[in-house]
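Each of the two complexes below includes chain A, the first together with chain B, the second together with chain C.
So, the complex of A and B:
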């Protein structure tokens, strides 16, 4: 018996890897299951900000993520953009961190537009519904300039209008009535780097800011959230699924059967509806299942290794 | 006259004017001449130039933060006195100075490419170990640049009216760029990062052992955090506790809910420890910034 258990710590690495690959691949072949979820309070606050910001004001998105964190950040970005499109909010996006960042954001928006087209929903048009401002190198200086005057910081940027003619971005319907950074409905930072710290330092007091960050960055962002500098925050893959879960169920909103799926116990009076149209469960739902499988395997592996170690000690001590 | 203050320029007022390309070329040539001149500066004169420029750049931002800012100055109203005039000058100069900083930062990309080309061409010409990978790297880089530029030129200039986000309007060049960027680069990047999962899994099995009290505490915390990340487990666990307490929020058992336990660990243990580390790093950064600003740091281009 002890010998058998002691052998549990001798499993070859290749077999472990095989189990991991096969288990996680199951989620890649279309196995998408909306598991139950209890969203974090910080995620609920972010969703509340997204759904209650002034729909007549454009939303600014500082999109600083790239491929390396797409497992989390693309889900965040897509959830955010889907919500904005579903609620007819105009938005502006740009990056202050990485030259690749604008392109991955463009690709993500294109995917959502194609998805909306298939669903028979209105496609979001560049210039009329959203603006792509590209890259602003050097986060410190760029965000300082935004804080000082977006009229001058963005004044030199041009975009193609609906006829294909290049025009200054402030001529776009998206930026009508915007003269300073405070004029945005909300400011979101999708980031995997310290560009969000800089955004909070430079703009935190001027705008309603929400953060969508990776799991590694989460603990570092919580003090900003608790101090009120971030009005909402989603963290990592769990945060992506939190967002999608609330897009589907809302907060303190009864479904057709009269059940309230997502309850905000600290703000029971707050009623935030689900998004009215489009996809809700996406990358978060798929990856959340993979996360469950990976964490279960991890816990099993740790348990197996420790049981083997204890059994070996027993054997070496002569105890049976 | 405020030379640094932002004014709407000919450039922003006439974005469609083809004359801007002439300006671009002119500025590029002037920049090259300046670079050439600076590269010919004797070594003994380089340090004062670098230290002087660094000090002036730092001084601007220090003054910007410390100098009183004119309050409630209406449009077209002139500032009064030295303090208010300087404050306004600093405020209106931010876009100009930021623009310079952005341009200088952009040069890093060129510097990186130059460095990459130098290292790998040297490796290829000297047939050093694994030189074939250098060839592959340079070919891939050239391909990406060529296709990327062709894609950009088509979208922005040549047939800009025809190409939209709809993939049916794309030309072969647009498709090839998409395959290279989204199809290959992104997936190879993701594949590289996914290797971490194998390392973590293997390490969890082989190294995460309860050998001491500290290790036991660490494992208990890790277990709670891992379980709390699994929404299905958390829902089931918390549901059980709700059944036991009759959903009474005042019951002490509520503290044993998974998200409460994980939240306590995160807020009371993890975040304070991280903040302490970051505070230390912040002090170090401040000290290093002061040394750089005041020209006390040795080495690099200042030597």
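So, the complex of A and C:
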């Protein structure tokens, strides 16, 4: 028995990777099970901000993710954009972190627009409904400039209008009535880096800010949420599913059968409806079960490795 | 070739690159190295184009040279002093020359100066609210319930504010006080761990210091766990790309 357990340590890592890949593949191909979810309170607060921000004011999205974190950040970005489109909110997006970031955001928006077209919903049009401001290098100085005057910071940016003519972005319907950063309905940072810290430091006192960050960033962001610097926060792939789950069920909202699926027990007065149209479940729902299976496998591997180590020591007479 | 075929080729190449990159899990090999170098080259090339197109051209070249309207008319005048930025920027590259490397300190000094100036203000923006949120009460003021009670109630299917909601909001219930106590002990013990300028003596102080170390370790453990989860999320997304986007299985 001890010998068998001690041999567990001899399992080659290649076989562990194989088990992982086979299990995840089987889940992604065949097991379509939407797990019930209890969203975190920070995710609930983010969804509440998304759905209650002034619909007449544009939303600013600092999109600082790239393909290296698309497993989480793309789901965050798509959930955010789907909610904005479903509730007819105009938005502006840009990056202050990486030259690749604007392009992955453009690709994600194009995918959602194709999805909406298939569903017979209105496509969001650049210039009229949203603005793509591209990259602003050097997050510290760019965000400082935004804080001082977005008229100056964005003044040189141009975008094509509906006729294809390049015009200053402040002529766009999206930025009508906007003269300073405080004029946005809400400010979201989709990030996998410290660009969110820089945004909080420079803009946190001026805007209602929400964070959509990767699992690596999550623990470091919680103090900002606790102190109210971030009004809402979703973390990692679990946060993506949180967001999608609330887009489907709302918060403290009864469904047709009269059941309240997502309850916010600390704020029972807060009634936030689900999004009125379009796709709700996406990357989070697809990958959530696979994540649980991966984590279970890892816990088993760690347990097996530790038991194997104890068994080996016992056989060698090192542990009584 | 139509758009659909192009998309398929695009996805297929992406999937092959993913398989090539993950082949390193088996062992280091030529396919992995090739794909890695293609990726790095693409990323570097993309960054150069992006920096010119999104940054230098818009924020430096156009304001310096001035703009014309679409029909060729005068729009805005050029601002020639922007020319001075070019040699200052180039000075950064003198770091590669031993004799002239002192010049690279000029642009670096400008950037550091700007950054340092900002720190004075942002330090408080960043830590001020956190310090404020750390000042939490510890002694319960309400005894009618052990647990915090909601400020609203359900009346005939409608959520209504309780008449004494303001009073309830002002109360601190025992559960909240316990929560605040745990927070404060964690905060102080973690800070105590970084007290290097005084000699920590005595069982109580050393124990408190040790508690801080445990709290930090728990925090780092949580960060490590989140990091592992993030890596899994990435591999799951890549597998989804192969099975669902490329091979159209599991759709």
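The criterion applied here is as follows: the second predicted complex is superposed on the first by the 308 of 320 C-alpha atoms of A that agree within 3 Å, B and C clash if a C-alpha of one lies under 4 Å from a C-alpha of the other, contacts with A are read in each partner's own complex, and residues count from 1 in each chain.
The definition used in the following text is that contacts are C-beta pairs under 8 Å (C-beta built on N, C-alpha and C of every residue); 3 or more make two chains touch, one makes a residue touch a chain.
Keep in mind that what you see is a predicted model, and the values were worked out from it rather than measured.
By the touch criterion defined above, A:37 reaches chain B but does not reach chain C.
When the two complexes are overlaid on their common chain A, residue A:227 makes contact with chain C while staying clear of chain B. By the touch criterion defined above, A:71 lies against chain B and chain C together after alignment on the C-alpha atoms of chain A. In the superposed model, A:283 makes contact with chain C only, not with chain B. Once the two complexes are laid over each other on the shared chain, residue contacts for A:194 go to neither chain B nor chain C. Using the contact criterion defined above for the overlaid structures, shared-chain residue A:137 touches chain B and also reaches chain C. Applying the stated contact rule after C-alpha superposition, one finds that A:219 touches each of chain B and chain C.
After overlaying the two complexes on the shared chain, residue contacts for A:99 are found with chain B and with chain C alike.
In the superposition on chain A, A:298 makes contact with both chain B and chain C.
13, 17, 20, 24, 68, 70-71, 99, 136-137, 140-141, 144, 156, 158, 165-166, 219-220, 223, 238, 265, 291, 294-295, 298 are the residues of chain A that lie in the contact sets of both chain B and chain C, per the superposition on chain A. Those residues of chain B that touch chain A in the complex are listed here as 6, 8-9, 11-12, 15-16, 91, 94-95, 97-99, 101-102, 104-106, 109, 156, 160-161, 165, 167, 181-182, 185-186, 189-190, 193, 197-198, 200-202, 204-206, 208-210, 219, 223, 226-227, 229-235, 238, 249, 259, 266-267, 270-271, 274-275, 278.
On chain C, the positions that touch chain A within their shared complex are 25-26, 43, 46-47, 49-51, 53-55, 58-59, 62-63, 70, 114-115, 118, 122, 125-126, 129-130, 132-133, 150-152, 154, 159, 161, 219, 222-223, 226-230, 232-240, 243-244, 249-250.
Those residues of chain A lying in contact with chain B across their complex are 9, 11, 13, 16-17, 20, 24, 35-38, 40, 66-68, 70-71, 99, 103-104, 107, 109-110, 113-114, 123, 126, 136-138, 140-142, 144-145, 148-149, 152-153, 155-156, 158, 160, 163-168, 219-220, 222-223, 238, 241, 245, 265, 288, 291-292, 294-299, 301-302, 304-306, 309. The touching residues of chain A, counted against chain C in their complex, run 13-14, 17, 20-21, 24-25, 28-30, 32, 68-72, 74, 99-100, 102, 134-137, 140-141, 144, 156-158, 165-166, 197, 200-202, 204-205, 214-216, 218-220, 223-224, 226-229, 235-238, 252, 265-266, 268-269, 271, 283, 286-287, 290-291, 294-295, 298.
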